[in-house]
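Every chain is named by a letter (A, B, C, D and E) in the order it is written, and numbering of its residues begins at 1.
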Amino acid sequence: MIRFEHVTKSYADGTTAVDDLSFEVAEGELVTLVGPSGCGKTTTMKMVNRLIEPTAGHIYLDGVDISTIDPVALRRRIGYVIQQVGLFPHKTVLDNTATVPHLLGWPRKKARDRAAELLDLVGLDPAQYGDRYPDQLSGGQRQRVGVARALAADPPVLLMDEPFGAVDPVVREHLQTEFLRLQSTLHKTVLFVTHDIEEAVRLGDRIAVYGTGRVEQFDTPATVLGAPATPYVAEFVGADRGLKRLSVTPIETGDLEQPPVVRLDDDAARAAARLDEEGAAWAVVLDADGGLHGWVSAAGLKAAGGGTETGAGAATAATGREVRDHARRMDAWLPTGAPLKQAFSTMLQHDAGWIAVLEEERFLGVLTPAALHAALRRSTAADAGRLARDEVVVESVPGA
Amino acid sequence: MIRFEHVTKSYADGTTAVDDLSFEVAEGELVTLVGPSGCGKTTTMKMVNRLIEPTAGHIYLDGVDISTIDPVALRRRIGYVIQQVGLFPHKTVLDNTATVPHLLGWPRKKARDRAAELLDLVGLDPAQYGDRYPDQLSGGQRQRVGVARALAADPPVLLMDEPFGAVDPVVREHLQTEFLRLQSTLHKTVLFVTHDIEEAVRLGDRIAVYGTGRVEQFDTPATVLGAPATPYVAEFVGADRGLKRLSVTPIETGDLEQPPVVRLDDDAARAAARLDEEGAAWAVVLDADGGLHGWVSAAGLKAAGGGTETGAGAATAATGREVRDHARRMDAWLPTGAPLKQAFSTMLQHDAGWIAVLEEERFLGVLTPAALHAALRRSTAADAGRLARDEVVVESVPGA
Amino acid sequence: MSARSCLEANDWICGEYVRTRGQELLDATVQHVGITLVSVVIGLLIAFPLALVARRWRAAAGPVLGLTTILYTVPSLAMFALLTPVFGVSAAVVVTGLVLYSLTVLVRNILAGLESVPREVREAARGMGYGPVKLLFGVELPLALPALTAGLRIATVSTVAMTTIGAVVGYGGLGNLISSGMEGFFKAEVLTASVLCVLLAVVADVLLIGLQRLLTPWTRAQARARSRARRERRAAGRTAKKAVA
Amino acid sequence: MDAITGAWDWLAASANWAGEKGVWHRLGEHVYLSAMCLVISCLIALPVALYLGHIGKGGALAVNISNVGRAVPTFAVLVLLTLSPLGTAGDWPTIIALVLFAVPPLLTNAYVGMREADRDVVEAARGMGMSGPQLLLRVELPLAYPLIMTGLRSAGVQVVATATLAALAGGGGLGRIITAGFGNYDTPQVVAGAVLVAVLALLVEGLLVLTDRLFDPMRRGRGRARKSRTAADDAAPAGSPA
Amino acid sequence: GGKSLEEKGGAASGGGKGDIVIGSAGFTESKVLAEIYSKIISDAGYRTTVKTLANRELYEPALEKGQIDVVPEYASTLAEFLNAKKNGPNPKPVASSDIGKTVTALKALAEPRGLKVLPAGEATDQNAFAVTKEFAARHHLKTLSDLGRSKEKIKLAAGEECETRPFCKPGLEKVYGIAVTGIDPKGVGTPQAKQAVKDGTDQMVLTTTTDATLDNFGLVLLKDDKKLQNADNVLPVVNAGSAGDKEIEAALGKLTDKLTTADLIELNRKVDAERQKPEDVARAYLESKGLAKK
């Protein structure tokens, strides 16, 4: 647990980088810090491991005022990824990574094994890169070594200053996933600076949005996106913060639409009639066990059904008799609880105007773009009014 | 114009960073380079200004083989934003920025004025930061000084290696906008490395997607997103590349829906009847000049109209007689050609299920989430098939 | 009477000595300063290109450093005996000798300083179109200054001391006094001249520190800001007090 | 020229190498004396410089004070020490004079090297929880290494050259060959002595360069980086106007 | 070179006859003598300067080249120096205790080098040996012969060359029968050599007869009663080309005639014990002998 109590830091030339800061990071919580360049994020971090001493106020780690802890002992408990990377130019990548284990007196072999393991984790093959010097790495590779180095000794507290700033989206995604996986088992207390709001939203249990020297809002990602405390925060998280909410808003059963459902072995003609009746252009097709098979269009069914009625050949009749013969497969589906963003992407990827949502194997309904939009609007309104989502009725401007 | 012809670079230890690279950046074109960490982007850049000499192949600048140009003269024509920032620790921020103008022998005053101007451009107040040393800046501030420094002498060619990697979204947006503005008037030839696909898409005339040491795809942003040349590129630009296309796909007239339209001074009862007839729940309201006023719901109109008919008081009748009395304002609208992303955000921001699209003052129709989705799908399909957009019929899986 | 006795008693410290030989001491000091200054300046001017050569062509580094080493090992008597026929009995002999001796330290430190310039800074500069000369003087040299001044300080202090060996040809500044004092076992002369020598060295050293401070303001930006802030606070405090009063 | 051929002859005469006054013996004394001084100087200068450089305080003063040790000609210091009660203490006056002389380059360079270590790197190290000594030994020292070695090499060469002064106080070393040559008006012997000193200094320099390479904390990295850098630097265009 | 001198004089301002540089070695006596020479020559109408060079290795070549014109010298020492220079190290000695023969030998060596040796006077400054007063008292020593008789083992503070010089270790052993156990190479008459004797590290030191600092170290000279030492009479040596004038020779000749060994001792004492300045001592001396132009 890290607690800031009225912490202020003024630099020698009078710049006040951090001004009367108070907030608390719970044990095992990952708090992301976002804010404009130069707002005091790095300064905040460095005060936690006493690389900078506050001008006023106190910082507590697990309830103990850190100004009473020996800085060296303090820092051993805290992994630190420095913004400027700061690799040791005189040590190989492997030795850089093994630095803290060495410091802690681990046996040499164990330290190196651990370092190799972490290099692997950050996507650098120890065999290929282990013996290089930092000079011989690309920018993103260096940064990843910096992350590996901070994680090597498994410290309970982590300060990470834009740790993934210089890596590409794929590696970043990989690193985020790995990091979340670690975090879900190890529950470290983490302060994480990032400029990528999506990253902040994805990783943070809570987000601290900095104004200049102050925390403007400190809340869960959904709330920060959905109900920015101030216009400043709203601007900062972005005009497209609604879009960003796609990543944090889960699909809920209430959002789903219920198109007509037919079974694979239903009679095609009867199905066509039903669709006609309901005025629907298509229906979801389930298999015998109630699992998702795909979809069938009203037009397709009708054509087939018409064919039978107007006395076409037996073969046509035989093939056209059941829904099975007209249905098209649709493999993509989503579990309930998946973020809306995933739903949107999946729809686009499969070039579909809807996507089925299943719970376990059970078909629940489909999500359409309009329903997705409504769900998003509802969740935003819910956070803004701090209401349960289903209390919100989206009606201010009706959907088409 | 920059042309790479079969350029290869192998480092001393045998690492081949760039392998038989051939592509061309046209005069005044901005090409963004994206690719995994360590794929050779920085190496490519450095070969252009001869900080690194290729192992094989040739690079031409405006048709001249750069290996025949004096490196110093060459570099004076090329602005370079280095990935590691690399500010001069011994010079103040202002002097750092004025470096190249000084080199080119500008008069002192002019050089400093120009530097101050550029610091302003990157959002650093010269009065506040001009006299500081790099040591006294935050990470993002340093990076911005690096950008200002590269732009100061207005070089016709720019190499920018992750120039906005360490700045927050707001400043980044600002920098991007400024940069696009500059680019639209100055038409520099730019190679721009970024890890932010959105940035690549937003800024780039074309995007070069690097595999390891090779260009996997070199095309316009829309094509790269819509029709990735290889699975590798598809993965790289992201599973959510459909979503990313929101930023590059413009609203087109064909995408719009045509809800019923009523005038402010139309009779309320008659309007209600019309909506009933068309089965619409609401209508767009235009003012006398055909400009957008807002919307009116069928229910509202009906309630009012019903009142008049069933003989309520004169006052009610008077206020309820025209559409004007029931219409609600809707300020938000979009011009045609705006990106779909903007449409989506605006809808969410105004908590609306649709958004009106105008051309100049003229109302063209409305965009709904479903239409937006369809537009996105159509544009993806168009790029994939290299077809004109309106040739594409989106029907593979129908919309709800 | 007592003053006389201090000369005759051959005390280490003797006011009478300073009084009677004031002019002699002054002349010697002036000569000492002159020779030292000229030697160090010329030494620097020669060491610098040598260091550059050694850096530019790695193959030249060995020979250059070896040469300065050999020069340093030439005994001063031999050095002067070799130089006197060339320059006659003049200060030039001493200056030349001192210049040659000072190269050892200077070349090495200039070289070390230039090598210590951070890579990315050098790269940024080259990327901006710094030519080799501008790069050297605009970027590398300023950043090499701490190491360079370290060498210059040692060289200067050493030269202050070594100027004294110029006494063998009569151009040793305070060295003339030290050696004649040594010869005649004149304690006051030896001590006074030695102390002056030390003072000269200390003053030169302090001046060089000052010069370095002046030339490397960035290394003290923090400290400077701190003191300015302190000054302002104090000033603010004063006005506040005044206002109260 | 006479002197040089004479010196060659002198050096070629095996009689001059043997015995108590022979080159081998003098060389031994010289090496012993130089090594002793260098070791003592290092033991004094390096801890002080490293510590002060590490805490970042008091270095300017320490360097200034140590420089005083060099401000008086070593020869004068030596004679004055000989006249003091220490005069009867064998080699000690020489050793002390040489130590005073060798400390400043060691101290100054080591201190400056420590102060000039890359701040980001030092900060990263501190942030990792390196204790003072660990920071010093594992980060600052390796980063300061080139400058420390520069100091050591300067000091080494100068001590070897200056140890000839020992002869003036009746001590041993190659200086004796030179002073004896002077006394006997034997110029070839003087030259031979000087050559021996020069060769020894060069050998010491070479040895220190080797040690430098051997213990360079980033010997592989530096070598490679340098290679690639000069490769780029050297690639000046053949037909360029500049 | 009178002609050239006249030309020089003609060119020189102030009507002087020319510039004469008097060289002096690094020790007191040489300095005083140089000052005296300077005074006399300047009285003779030349412009003079004094240059001090540490030792003969430096000033002798300068004298040959005419960078220095006049030097006060010592007959035997210079003779041996030139002898070595001509015949290589450790040649057959040419100097002896006979001043006449020595000067003849010297002239023979000097003239080919363009050096002109002026007549020698009575004043000498020879090598001499000193011991501490206590040592002398304890063993009743006045002369080197006394020391030889005392059978004391002697460690001698001197230059390395003492080992081979006939007047030094070999002479002490052969002529006086002194048991020299070793040589402590601290130099001839250097403070550290005298200190070593004072400290008891060495028993005897090689110095010169006119050394005025012996008292400081509590040392006394032992008389060279068997004339072991060479005849080191003081004589001016000039560069024949640049200072070969008769006028200079005449002026210096007057001095040489008057100068005695006792004078030298007195001159040294005034500088090294009373700590007067060499130029003051020189002037006072010339005035007292009536050699100075008023």
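Here is the rule we go by: a contact is a pair of C-beta atoms (placed from the backbone, for glycine too) under 8 Å apart; a residue touches a chain by one contact, two chains touch by 3 or more.
Keep in mind that what you see is a predicted model, and the values were worked out from it rather than measured.
Using the contact threshold fixed earlier, the set of chains in contact with both subunit B and subunit D is A, C. The busiest chain interface, judged by C-beta pairs in contact, is A-B. Using mean Cα coordinates as chain centres, the one most removed from subunit A is E. Subunit A and subunit D have Cα centroids separated by 60 Å. Centre-to-centre, using mean CA coordinates, subunit A is 23 Å away from subunit B. A straight line joining the Cα centres of subunit A and subunit E is 99 Å long. Counting only residues that touch two or more partner chains, subunit B has 11, 13, 51, 71-73, 84, 132, 135-136.
Shown for subunit E are the residues that touch two or more other chains, namely 57, 190-191.
Under the contact definition stated at the top, the residues of subunit D that touch 2 or more other chains are 79, 118, 182, 224-225, 242. Those residues of subunit A that touch subunit B in the shared complex are 11, 13, 15, 34-38, 41-42, 83-84, 123, 132, 136-141, 144, 161-162, 165-172, 195-197, 235-236, 238-243, 245-246, 257, 259, 281-282, 295, 297, 328, 330, 341, 344-345, 347-354, 366, 368-374, 376-377, 380-381, 394, 396-400. Looking at the complex, you find that subunit C touches subunit D at residues 58, 65-66, 69-70, 72-75, 77-78, 104-105, 108-109, 111-112, 115-116, 118-119, 131, 146-147, 150-151, 153-154, 157-158, 160-162, 164-165, 175, 178, 182, 190, 194, 197-198, 200-202, 205-206, 209.
Contact residues of subunit C toward subunit B in the complex are 118, 120-121, 123-132, 134, 139, 142-143, 216, 218, 221-222, 225. Partner subunit E is touched in their complex by these residues of subunit D: 6, 79, 82-83, 87-88, 167-170, 176, 179-189. Within the complex formed with subunit D, the residues of subunit E that make contact are 57, 80-81, 84-85, 88-90, 157, 159-162, 164, 184-187, 190-193, 195-196, 199, 201.
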